[in-house]
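Quick one: the structure is below, and I'll ask about it shortly.
In this document, chain identifiers A, B and C correspond to the written order of the chains, with residue numbering beginning at 1 in each.
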Amino acid sequence: MENFIKYITRNYEIIIKELLNHLSIIGIALPFAVIIGVSVGIIIAGKPKISKIIIYISGMFMTIPSPALFGIMIILLAPFNAGLGKPPAVIALIIYSLLPMIRNTVNAVNSLDHNIIEAAEGMGMKNYQILIKIRIPLALPLIMSGIRSSVVMGVGVATIGYYIAAGGLGYFIFAGLSRSRFEMILTGVILTAALGIFLNYFILKLEDIITPKGLKISGE
Amino acid sequence: MNIFTYLLENPDYILEKTFQHIYIFLISWSFAVITGIISGIFITREKNKKIGRIILVIIGITQSVPSIAVIALFFLFMGIGFITAAFALFLYSLVPIVFNTASGLISVDGNVKEAALGMGMTKKDILFKIEIPMAMPSVFSGIRNSAVINIATATVAATIGAGGLGVIIFTGLSHFNASMIFAGAVPVSFLALSIDLILGFLEKKFTSEGLKISEEG
Amino acid sequence: MPIKLKNLTKKFGDYTAVNNITLSIEDSKITVLIGPSGCGKTTTLKMINGLIKRTEGNIFFNEISIDKINPIDLRRRIGYVIQEIGLFPHMNVYQNIAVVPKLLGWKENKIKNRINELLELVNLNPEENIFKYPKQLSGGQKQRVGVARALAADPEILLMDEPFGAIDPINREKLQDAFIDIQEKIKKTIVFVTHDIREAIKLGDSISVFNTGKIEQSGKTFEIIKKPKNKFVSNLIGNHAEINTLEFRKAENSIDKDFSAVKINASDTNLLKEQKNSYVIFLDDNNNFLGILSKEKISQLSTENYLNNLKTYFITPDSTLLDAAGIMLSKGINTVPVISAEKKVLGVIKYETIFQEE
């Protein structure tokens, strides 16, 4: 315990740096994941067969173990001089985020009641108005929960960034493991766990804020 | 060098690691399934409601903790080794099973339970004939999730002595050896997909038709 | 099986949901519990099958205290239909209905026969519906399955908690009609909870009016309508209750045999004047109904004119008293003949019978 306190007081600069590194990997990947995931989701929604196939394929990506995906990224990106550092980590994260993003978008779009859309059309709304005023607000909460899954997963996945020189909180855990430095490991454990819990909670609150009031009144 | 090279040149080693991987998965996961379903049932019983609520909150929080944090934490307590890894994997795959079992049981309509009680079913009848069959889809989604997570996390657990295919992947990663990484990753994905396939088949078999029909259809 | 509630009380903490009620539930009859939301109807019902434990008082089945009966056995012998039906979504229609028979260890063959019988009773085609799941049924069909399920093991008692509450008015009416027919065949002791006074009057042999955990009045349906004990009951019943009840009363149950009938060719004026009733029915040679005239009219007309002036209104025995009242009010008469399909006079419905019974 003493070691631990000593360690964090001496290394708070590194801690902050790696925390920011960690967040930036997630932060850079996120917009790409959202754009790709949501557009794919919107395109394939309403086509049950294609949706099923695409969701299955993105599910297959999820079964690739994270260190392997990072490794594959290094090799694939090496010809572009981007083999190490953040780019492979970011791309790997985007790939992992596809499943939750696509699945939730498809669900969000499909769960829209046709009657509502018809009613909107009947009221003389144009297509883009329906998209902005009806579809997006109603779909947003589900898409947001897809974002939450991606981000929370990203906190864990990004730790592997340590192995490919992308930095991040993985440093404390993996370097700590290989050097048997308990205080480092503990730092890593606490930071990653706290970050996951915090981000989950934070986005949950966001979801709550953006959910139209009428949708919150559930059965109970 | 070809990406298949390592895979083709070391089939025995890969097979050995695959079996190790399956071994730690089966041990940790099957205990998690049994314990998870029983705890899910336990914490949703009327008399355990208070503890149940607390446990569900803890579990909800745990779900947002990365697996690597759990693995490293157990290393801190138990040191390196197979037992540590298996135990960490067990606990980590327990979470979705308990959570899904409990939420499946909780979401069984109160009216349905009351109708059952009113018809003269005992608590046991209700649990086995009504609640569990109705929670089946949710239980299975927990089990499937947990299996896929377990197999993937087991690779990371190689860093604390789990053995298995993670060893090949991490060795490959530290040598930037694509062929080696590939040789480790392919069986992992294959394992995850096959287990999921098998569980999907079992789910179909054990879930009532009546729960799958959508309201409109 | 008759049920007696004696000084029955239920407290939830400090709150008294049911307050010292005493009620005799008649064998083979429908007893309706009615009252505003939260007045303790469901609580009372659930005390009867032991889903809720009473705080004070007692419940007797055939004079046997509920304490002497194993609650699980008791519930297997009481059919129970709840507010939201509570069909089991993972079981098909067959399996849903088979639950209690299976609990009771019936043979598969017996169950199968029983289910076919029940589905016919509730007017659902067995072949078409037996393998359907609840989600594949309409609201009305679900409700019928709910009733069939409650009847599955041929219980002597049926508890029904707003079984038709969630059904649209038109289908509710149909279900009520079907239910009346069913009860005519099965003659169970039924305790039926509703919010709807119209439903209560239509179905109830007796009605108990609940208010904040107490019974304001209970008795035969007509007693309640004719003699509401207090403001609460009369408000609940509403102003038009008497008229409304007419719709649910069959003419055949109110036939008055005390009527005057003469053969048309025997109709000399003196004979007609001797008739003691204010209306005289005219028959042909075969005793078939020809028409009706008031004595007042008779005295104004010459004999030859009777035939031309005969009023030919009548109702059939399966008409309702509302039909009879409608004729009386629109034609300004106070007696309507009831005529069988064979044109024989069965009797008359009198104004006094409709509006001043008991």
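We take it that contacts are C-beta pairs under 8 Å (C-beta built on N, C-alpha and C of every residue); 3 or more make two chains touch, one makes a residue touch a chain.
Note that the structure is predicted; figures quoted are calculated from it, not measured.
**Student:** Taking chains as nodes and touches as edges, what kind of graph is this: line, ring, star, complete or other?
**Tutor:** Per interface graph, the chains form a line.
**Student:** For which chain is the distance between its Cα centroid and the global protein Cα centroid smallest?
**Tutor:** Ranked by how close its C-alpha centre lies to the overall one, first comes B.
**Student:** Tell me, please, which chain's centre (mean of its C-alpha atoms) is farthest from the centre of chain A?
**Tutor:** The most distant chain relative to chain A turns out to be C.
**Student:** What is the distance, in whole Å, between the centres of chain A and chain B, each centre taken as the mean of its C-alpha atoms?
**Tutor:** Computed value for the inter-centroid distance: 21 Å.
**Student:** For chain B versus chain C, what separation do you get between their C-alpha means, in angstrom?
**Tutor:** About 57 Å separates the centre of chain B from that of chain C.
**Student:** Measuring from the mean C-alpha position of chain A to the mean C-alpha position of chain C, what distance in angstrom results?
**Tutor:** Taking the average C-alpha coordinate of chain A and of chain C, the gap between them is 63 Å.
**Student:** Would you mind listing the residues of chain B that make contact with two or more other chains?
**Tutor:** none
**Student:** Check each residue of chain C and list the ones that touch at least two other chains.
**Tutor:** Residue numbers touching two or more other chains: none in chain C.
**Student:** By the touch rule stated above, which residues of chain A touch at least two different other chains?
**Tutor:** none
**Student:** In the complex formed with chain B, which residues of chain C make contact?
**Tutor:** Checking each residue of chain C against chain B gives 46, 49, 51, 72-78, 80, 82-92, 99-100, 103, 133-136, 149, 159.
**Student:** Within the complex, which stretch of chain B touches chain C?
**Tutor:** Chain B residues touching chain C: 109, 111-112, 114-122, 125, 129-130, 133-134, 136, 208-211, 213-215.
**Student:** Any idea which chain B residues touch chain A in the complex?
**Tutor:** Result: residues 61, 63-69, 72-73, 75-76, 148, 151-152, 155-156, 159-160, 165-166, 169-170, 172-174, 176, 178, 181-182, 184-185, 188-189, 192-193, 196 of chain B touch chain A.
**Student:** Provide the residue numbers of chain A that touch chain B in the complex, in ascending order.
**Tutor:** Contact set of chain A toward chain B: 60, 62-72, 74-75, 152, 155-157, 159-160, 163-164, 170, 173-174, 176-177, 182, 185-186, 188-189, 192-193, 196-197, 199-201.
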